[in-house]
């Protein structure tokens, strides 16, 4: 490598990292704000550096709001949604990919078409439906309409299609049926894509705003993204506290992301490689 | 054991007081527990109430603006408060000021809410910034503002003293803009909606134009902050950037608390909004308690009794609420000696007599088309996006359309 | 698949496998779709029955100024986000792709992090950053425009600002898609073209760009559909204002249904949104395919 | 008792007949190999025996039992796939025990059987590993082990060695032969590599276009091919073919004019008359420089392998590449014109449409 | 004028030395082949010549010019990759014209050059197709065509045939030889397949662990390997090795006791003393049944190929598989014990650490 190339390299690397630092600045700034006292937040002399460590707004955020409840709701609904989406999705995708039955093409056509349909357009009738079923302000109400994630079926189908048919034939020769095939072979063979879809579905569900915002009307049933915007708690001038709540709300996913960042990156890439 | 689900929108300094009241109630009543939720003030609150009540998922009791009662009735979210209810609460109609009681009634005289307070906007001021001007008397009290000219001179003076936003109010929010506008309109004797439902009847058009023009001038002179949201408008004052602050009495506790903890950094005071135009009057509204419909169902009698107990207790303890700057609507408290001496309430207690309530109309009140017009038309106008004339024309158009 | 087996049992097993999905799908997707269509021809409130009014809702829609405003704003927002975010993501992905190992992981974390935040956290952070009085970004804005700007209260600034926030929030995902695409280009192609004497720019133009086209098309399509469904950010940052300059169709659906209790009219708006998305994405898909062929 | 018998078996995919009336028998305990060019239907035939494809016509019998409409699992066959089809998420042990688990065999029985098979295949040390930790040859052995554990009547192999590199392939070939000796089960093996077929088979079935061209032992096919296709397919490098015309009868055969000379061919029966057009074939190892007779060809290049070399040459007509083998001689012939000939026993004659003239 | 010269070239990836002090020369117009086991550094060396990897030490000269620090494009080399590295979005024509376009060659010139190359490679009919529409061999030819068009001084090939099937590989091998003759440029070819190396090379460079083990013509390496590694690597089937000990000197060499007998070895120089431990090697084609002398081995099986067969046998010590070739003999030896021997000229001796004893 010549020296000019080396310099070019270093400069580009520096540019990338500086750009990254700027990109992340809002989160940094939220953090700095959150550990200041309210009066310092709005004072002119406050600089860019974290010069104060005041955790009172976090204490407020944790104990004067229903944040804990919201966490529970968010985790429960996101986990259940993800699990149900994956299981029903993989079963359906397996049937479409590996089995022959009347209506197969129609079913896949419907799945493909619903991929294009914006579920947001259905909120009105979904809301009425949830009300008719008595699911307003319940986990069921939050979860049910989010269970339709056609992409999961499409991706699974593509991956199941790609499993060499010899795998299947080997099992059939050994006397295994389709449930054996799906859960003992196809699923373990596709753990990668399953975790990928799981991670993506989870993030999507966790961050869902519109639907939970509509279907939940009581504070104790709210999910995190809804709770932090809908509920104010006698804050007065409250920039620091708003930022603390925001950061606390974001913390679980952010921490999970930092721990599993490699997996998340792979997840997005795998599921895109398919669609692309 | 009854659990009473309670919703309010009290997120300002008064929210803290309400929290304390609820806690006190819960301590005193082992058999009734209030579960309070504070939702975002304004449109989000009333939207949530509406949807929740329709599907039977609303609260058992909620705070409600009396200005919005007509709209609430049209939406069909309120249940009547019967005589038995009042009895259960240990209240009678005679305990309340006439004006607020009337505001709590439907056209047919049925009571739909129990009044709780009367509140208005007041003028907060920063004594440090006023120092050295003609507008501070020897006691350090505000003085010498008797007309618009005086007020504007005072603004110029504090600007001179280094105030970056001499008069702050929420110039970018529906509430902030509406209250100031309505105050200025009323001080000229103008009318937003007449008894028979006409929008800006007669010369009210010109008066509205004057009001908007005044606010526009304050903006153009750099006296009022540009597009300030509620929090920002408060923060401008508490951080010492504003000499004056026009806001509800409910921020009184914020000032008191900050001053007590030494974080305020200046001396403050609050007075009734001075007479800037032809008459001495100020926008005012009332908080009240209401019981929403429960979808298709009906609240059981015991629960209702518990709810009414809560309402009664709150009114009886509204002296503490007065600590949040409000004037109790419950006469036994309002007329008590303790309240008469309470500061700074005493400074502006006269305003109760001069108050201008919102017109009784389905398009008026918090989270109504009138408030929408404030943020969608007046706020842009006072920032120079259209002339006062255009703005008034649009207001008239929009609101007239909404009437139908 | 002509394996010898029991046909009847095979079919039963297949149906048992699709049943859970089909059941949920029918309940929360197919039926509501049908309902939205039906309701759009009634004057039903949100909760409760309405009367059949035929095309009245649609006729009203065609005279509703707010509808046209919303439609226009949706289009404007798409213009503001789709291509910029794609270009930006490509640029970032190219930069990040050059790095290796830990350095790359770090850069990816920096650029991807916003994506995992809930939308309301994003809007709260940006509302604070852009706060007219105390926002940290106001001095920067003032530097360019001469004075601070209340971005969410200014009809000219509101949509572009929401676009910036949206791009900041979602761009990480696109970066990853592009990065995956870049990684799929065999390094031999770059070596071969280096031997052929191609400069970096020529390599990008003649190798990277054409080979990345499928990913680019994917990103454009996903973005288009996503951005037409704009609601959260507008609701949380500007509530459609000022002067409705950030009013969008989904906000209209929300307002009509949940604030004004017009279930039927809201359904009509929702259906129009639905159609717009379908038509636009099909159109774009065709355009992109043609674009890809010419590459 | 018989091994695998196919009677008039046919298979059509839609309108395309892929297997056309195939009848054959692999006797019990024998090693049968289906060989033929790509697409000739070998795999299809094998998969029909396994039941993985249904049969359009005819009868398949395994151990004397008609299994034509039996489900795959009930046929008593085990199959080893080209791609191995190992379960990557299971250990070697679990891979081999998979079928036993499905059959709900007891733990101890599964363990015993797997260990037995592992013993035979020298996999005992690798039982806990995942397939990904194994080399190609080891994976192949696991695939075979999975088959052994099921103790099938018939083993089916579909090009099991084609994913291995040349060296390993030779080695695994030997192991397969050993295994067959040891287990003694009927085995059917599919390959398109005639060397594999030659070295492994008891019986070779040469397929082409869904039809069995010739069946027999490897050396039968080499020494006495029925037609030009089989002659060209078996043997490496492939047989040289030359256009010719009968010039005269000779003692025990005929002389055929090819290129600028002639070759004598041994014919058992009646030799065709003079002037008959024929194709003659000589294997590279039987063709070589001769003093007189034969025909001339110009040497183009030679592939030097050390012990021997293959010389590529062009005959005067310019048609085709004539290859002959040289051993133990080093001088390069490149550019020279040589006279090539072979003994009559090693020259085959075919009619223009490929039928052997014997 | 010289072709490609490497002087004391070194390459380290981090702390790992992958190429250790390699000096070699491929003369202008010659066909040089780097051969060696996987991971020995062949590709790395080739890529260093191309400039795709920088050089940690030493000098690389092409056509007498020091190009050690030259950019790849300016070295006058063209490379054909194992994966072909065709641009999938461009037609065959555009693929071949790519470098000309970059060099802003005129349209007509590009057209002429591409057509010339296509002619040579018989690709004229496919110029409009995308690479994905071509067969493996055709893609390989396009990759070569892309190199030809640039008219480089040196062609570099990195295992260009390893993605093709056996038959095609043989065919492409011949085509490459023809091409080399036709173009006459210097070519360097990397492979791990010794048959490819033997048949293609003018000069073979056997690499192992980043070091050149031996360089020379194919037959030199076959006839006179420098060490056990080269002896075992070149030739197929591989040479048989037996542990032995010198028993006595003979005329022109020595006798070495192996197994239950002995083999005589020719040695040019001074033979090592009695009792010295040695390894002797005999190629399968040189080993065979003898009346007397040699050693015994029990025949396990034979691979019958028609013209010849490879017999696998086990010596008394049980160690290893002794392979010998038989030709033209058909009777099976399976199970018999045979006495195997070879002429002294064909027996090699190596010290225990692998150096040839000559």
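Quick notes on this one:
Going by the order they are written in, the chains are A, B, C, D and E; count residues from 1 in each one.
Heads up, the rule we're going with is that contacts are C-beta pairs under 8 Å (C-beta built on N, C-alpha and C of every residue); 3 or more make two chains touch, one makes a residue touch a chain.
Remember, predicted model here, so these are calculated numbers, not experimental data.
Here the chain at the heart of the shown protein, by mean C-alpha position, is A. Using mean Cα coordinates as chain centres, the one most removed from subunit E is B.
Chain centres here are Cα averages; for subunit A and subunit B they lie 40 Å apart.
Chain geometry summary: the mean Cα position of subunit B and that of subunit E are 92 Å apart. Mean C-alpha position of subunit A lies 15 Å from that of subunit C. The set of subunit A residues that touch two or more partner chains comprises 42, 131, 169, 172, 214, 229, 239.
Shared contact sites, meaning residues of subunit C that touch two or more other chains, fall at 3, 5, 46-47, 131, 133-134, 258. Shared contact sites, meaning residues of subunit D that touch two or more other chains, fall at 52, 72.
In the complex of the two chains, the subunit E residues touching subunit D come out as 166, 173-174, 177-178, 193, 195, 198-199, 218-219, 222-223, 234-237, 283, 285-286, 301, 303-308, 312, 321, 325, 327, 330. Of all residues in subunit C, those touching subunit B in their complex are 46-47, 131-134, 148, 150, 152-155, 239, 241-244, 258-259, 261.
Those residues of subunit B that touch subunit A in the complex are listed here as 5, 10-16, 18-19, 35, 37-41, 44, 48, 51-52, 55-59, 231, 234-235, 238-239, 251, 254, 258, 263, 265. The touching residues of subunit E, counted against subunit C in their complex, run 47, 50-52, 71-74, 77-79, 81, 83, 85, 87-89, 98-99, 102-103, 146, 150.
By the touch rule above, subunit C contacts subunit A in their complex via residues 1, 3, 5, 10-11, 13-15, 17-18, 20-22, 24-25, 27-29, 31-33, 35-36, 39, 46-47, 92, 95-96, 98-99, 103, 105-121, 123-126, 128-129, 131, 133-134, 136, 168, 173, 176-177, 179-181, 183-184, 214-215, 218, 225, 228-229, 231-232, 236, 250, 253-254, 257-258, 263, 266-267, 270-271, 273-274, 277-278, 281-282.
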